[in-house]
Amino acid sequence: MNIWVQQIIQVIISGIVTASAYAIMGIGLSVIYGISRVFNFAYGSFFTWGAYFAWILFATFSWMNYPLVFLIVVPAMFFLGMGTEKVVVRSLRWRKNWQVTTMMVTLGLAFLMDNLALVIFGGFAKPLPPLFHGAINPFGFTLSVQDLAMLIIAVTVMIAFGLFLSKTRIGRCMQAISQDMTGAEIVGIPIKKVFSYTFGLSTALVGTGGILLAPRYFITPHGGWAPFFRVFVIVAFGGLGSIRGTLYAAFILAIFESFVSWSLGATWVMPFWFLVFLGVLAFRPSGLMGTWG
Amino acid sequence: MLELKNINTYYGEFHAIRDISFKVNQGDFFLVVGPNGHGKSTLLKTICGLLRTASGQIVFNTAEITRAATDKIVEMGLVYVAEERHLFPQMTVLDNLKLGAYNTNARAKEQESLEYVFHLFPQLSEFKNRYAATLSGGEARMLTLGRGIMSCAKLLAIDEPSFGLAPILRNEVFDKINEINSSGMTVLLVEQNVNQVVDFADRICLIEDGCIVFDGPREEALLNEHLKDVFLGGSYR
Amino acid sequence: MASTANTNSKDERVGAQAPILQVRNLSKAFGAMLAVNDLSFEIPAGEVFGIAGPNGAGKTTVFNLITGFLQGTGEVRFEDKNVTNLKPYQICHRGIARTLQIPQIFSTLDVFSNVRFGAHFGNKHLKDGNEAEIIHRALDFVGLQDDKTAIAENMDLFHKKLIMIAAALATQPRLLLLDEPIGGLSPAEIDPLIKLIRKINQEWNITVIIIEHLMKVLKELSHRLMILHYGEEIRTGPPAEVMEDEKVKEVYLG
Amino acid sequence: MKIEIRQELIIFLAMYLVLLILPLFLYKDAYVIGILITCMVWGAMASVWNFTMGYAGIFTFGQFGFFVVAAYTSGMVTKYLGISPWLGILIGGLMAAVVGVLIGLPCMKLKGAYIALITFALHLVVAPMIKVADPLGTGGSTGLMSIPKLSLGAYTFSRTDLIPWYYTALVISFLVLLVVYKTIFSSVGLGFIGLRDSEDFAKTLGINEYKYKLLVFGLSAFLTGIMGGFYAHYAGIISPRLLGLDIFLLVMLMMIIGGMGIFPGAFLGGFIILFLNEFLRPLEAYRFLIFGAIVIVAIKLMPEGILGHLNIFKNRMGKRLLGRAAEVETTRGQNI
């Protein structure tokens, strides 16, 4: 096979793998906005903390493995998110301009969490062990088992999340709230509880993303901002609150990113995201699915 | 069945409800009238837990619900039907109704309630697979009432059901509410179009500037000069 | 169905005047729904023109199209000039003012500043000295002079409506569009408002278009009445005639 | 119009009177003078931000972007083109205004929360752009160094004597605040507040909302840019670190503590926060942890800010901006 074609396919595969991690993080950011109308600026910090939790487990117990890490960290993130909603966000909700107020508060929270990480873990980058070792070579392409596992986990999470929204009672409540909050309240849905769950769920999703991406990069106290910015652009591009739009956007942008990185080099990745964002602003500020404004 | 004792509610600094007390008896059709912006809707929202009362006590079926959350109040059978419809636009009529039966008590009787709602509003069963967003004003109003019934309501607190409806549809809605009441449901209705509902009411209460000006049975209300002046006499409707 | 042509002549009071507003083939669709469908009408200067119809008949959409809040197809001419699809502020500067169905006022400002807003921004070529005079004239007229320092958000619905009308008058319009001005008021408040609207028409010489549900109000106020149904004109004419129309009864009055 | 003596004006002038005579007592203490200069720079910036958010009701998080753009512009034109720093500051302000208007364009059709997101994206985006533009002379991630100092006639300002810097900061920040004050209490301010309270009503009354919204973006970016330009010459070195979250949060706190929608509040907040910052300095890394917590607590417990809670003003707009809402917020779109 032509070497160019092979390389391009390799780039696409790598894009799809990153896309899947971005997608679940994007869904988390989007869903929390769609349902509880909160834009969480501490999202990147939760990403970092998810990875730090995994690092703590690996550093403390030599026999630790990934399934166990997921089993412990994801629920922990869920409860951390729920707690955050209760303590930090909830009482602001019925104020005027509370959407902007919650943005400010979550910015404060991000600052708190980042600096807490700095105080506890120091500024040095922490590594996580790889998810899996080795690689497979289907049809002559190289695909590391780690990437494959990432893809499978992410797709599973997405499918599970879709089923959760459409099939379960709480999922249907979330849909009802996203369509009419007061309507949901007057049919007797305990909306505050559902907001907590939503926040928890979104945090669990970003925590999952953190664990999945950390083996590829390193963990630093402020390391959550770069992925947060990417997810931010993805969500803006897809249309804030639109899960389908977020999915499309994640795949389109991540594959583009891996092309940029391959052809122009890694320094151009952030400017590329910036250009996409400007493009979105200029031509379609409401996003792919047009749910803004 | 429902008793309010010295309720006060504020909108920011604005004292919207001043020291209101009244009783709604089982099976009653209790009509609250009064000019707009004088606190009627605020009163209903306070009762249903959407707004917090600053002082006073609300008792529903011997249980105190003064500062209870809306979902708890709905579960007890006090259901609010809003003036703005608050339907779930991207869900079907049937799904909207099913979400009405969210609380535990209602879920057990979901099928039964659904049949009753479809019996009461045959149009809804025709449209049950249409999205709520596509309904006309009258149909949407029926759906809000149906959704309220689905919650296994013992008392329906209905806020201005005639709002935004053409005259021809208003009578239909009021007839339905009367029918619901006749089947044993207690109804607490807030309304502007007094003339069209006054015949159904058992008890009438007039609120002006957040205070109760008059509260009594219909017969008495029809004799009250002030009430006549303000609402029944110089009517434009 | 009846059109504007055969009813115009029946109005003795204003029939002879030249039209101040001409609407031709106005249409607006929201998705598949035609909110306004090929609507044409003319309004002579000095008239009070009523629009009624079931909910969703497109009444407010007509206002939004005339005042530039929505863009549609067709032509709107005001004082013989084409004003189709101008921006809301341009429409206002041409001399068309409107009120909104759900009262919106500047809640943190006092009543005086609410009205001042209209006088300042609504009159494009106003000399400074005139502004205070215009504001006070509008405040006096609607009877808000005593409340001018009150914060608007603390006023009740009736007074909020008066603020809207006073601010609209301060823009010195020649055509005033009132969107359900009576809605939500008690009969005790309706009477003064009807008198006020009549005075706007007669003393200030402002042509008025009024959307209203209450037939009695329209009967009392309007020279002519148009019934809309699904964005189409059912009947236009003097209120008494329109209300006897079989089709109007069927679709609307019941 | 007759001249009205407002309490806002009195507090504003009183603060500057104090600042005017303060060096008489402190001229030996370069450390305190330095802090006061910083207070005036960031306090003025917080006041402009408060004007945009509190009065015009446009929730932008992009002020630092404007600040940094102007600082770099002024620094680069003076360093590479040899233009007078005074002119550089003006050019920086104008550049910021251009960026502000460009960002304002897509914000025209969006509502509150979305504008906050877009403008924050601007904030996030400026740093990587500066790094990529290294070949143009931005200095990349190390920053732009040895920016020319201000000079008056033959006298060139130096870091050894801060008093001239102090009075320049005083005059510039005073002018910036004066423009803010004049705007708020003029008919232009009436337009902004009207558009904030009810856009539809404002439109029916004949305001050109496009012009006014762009004016807010342009004006606030310009005024912020002026402060940014001054800062570049005062500091002598600027880097993308200015866009870090720490300074962002400090300035946001100035606005919150001072009271949103209350005129001189944010300027006062600047002094409170920066002196607190100095006070907490010995705590090192824990200092920012504490500030993060203060942001959360201040928003939760003191939504009206210090001036708001002191009940100084008859007509407190801050209360209505962040205070408890009267009604339960409802469905999609209505609550933005």
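Observations, loosely collected:
We call the chains A, B, C and D, going by the order they appear; numbering starts again at 1 in every chain.
As a convention for this text, contacts are C-beta pairs under 8 Å (C-beta built on N, C-alpha and C of every residue); 3 or more make two chains touch, one makes a residue touch a chain.
Predicted model, so just to flag it, every value in this text is computed and none were measured.
With centres computed as the average of Cα coordinates, no chain lies farther from chain A than C. Per-pair counts of C-beta contacts peak for the chains A-D.
For the pair chain A and chain B, the distance between C-alpha centroids works out to 43 Å.
Averaging C-alpha coordinates per chain places the centre of chain B 32 Å away from that of chain C. Chain centres here are Cα means. That of chain B falls 49 Å from that of chain D.
Chain contacts: chain D has residues 320, 323-325, 328, 330-331 touching two or more partner chains. Counting partner chains per residue, chain C shows two or more touched chains at residues 153. Listed for chain B are residues 14, 50, 84, 86, each touching two or more other chains. Contact residues of chain A toward chain B in the complex are 172-173, 175-176, 179-180, 182-192.
Those residues of chain C that touch chain B in the complex are listed here as 53-56, 153-154, 156-158, 160, 182, 184-191, 213-217, 251-254.
Remark: chain A residues 37, 39, 41, 88, 91-101, 103-105, 107-116, 118-119, 178-183, 185, 225, 229, 232-233, 236, 240, 267-268, 270-271, 274, 277-278, 281-282, 285, 292-293 touch chain D in the complex.
By the touch criterion given at the top, residues 67, 69, 87-89, 92-93, 97-100, 104-110, 113, 116-118, 120-124, 151, 153, 164, 167-168, 170-171 of chain C touch chain D in their complex. Contact residues on chain D toward chain C in their complex (touch as defined above): 187, 190-191, 193-194, 197-198, 200-210, 315, 317, 320.
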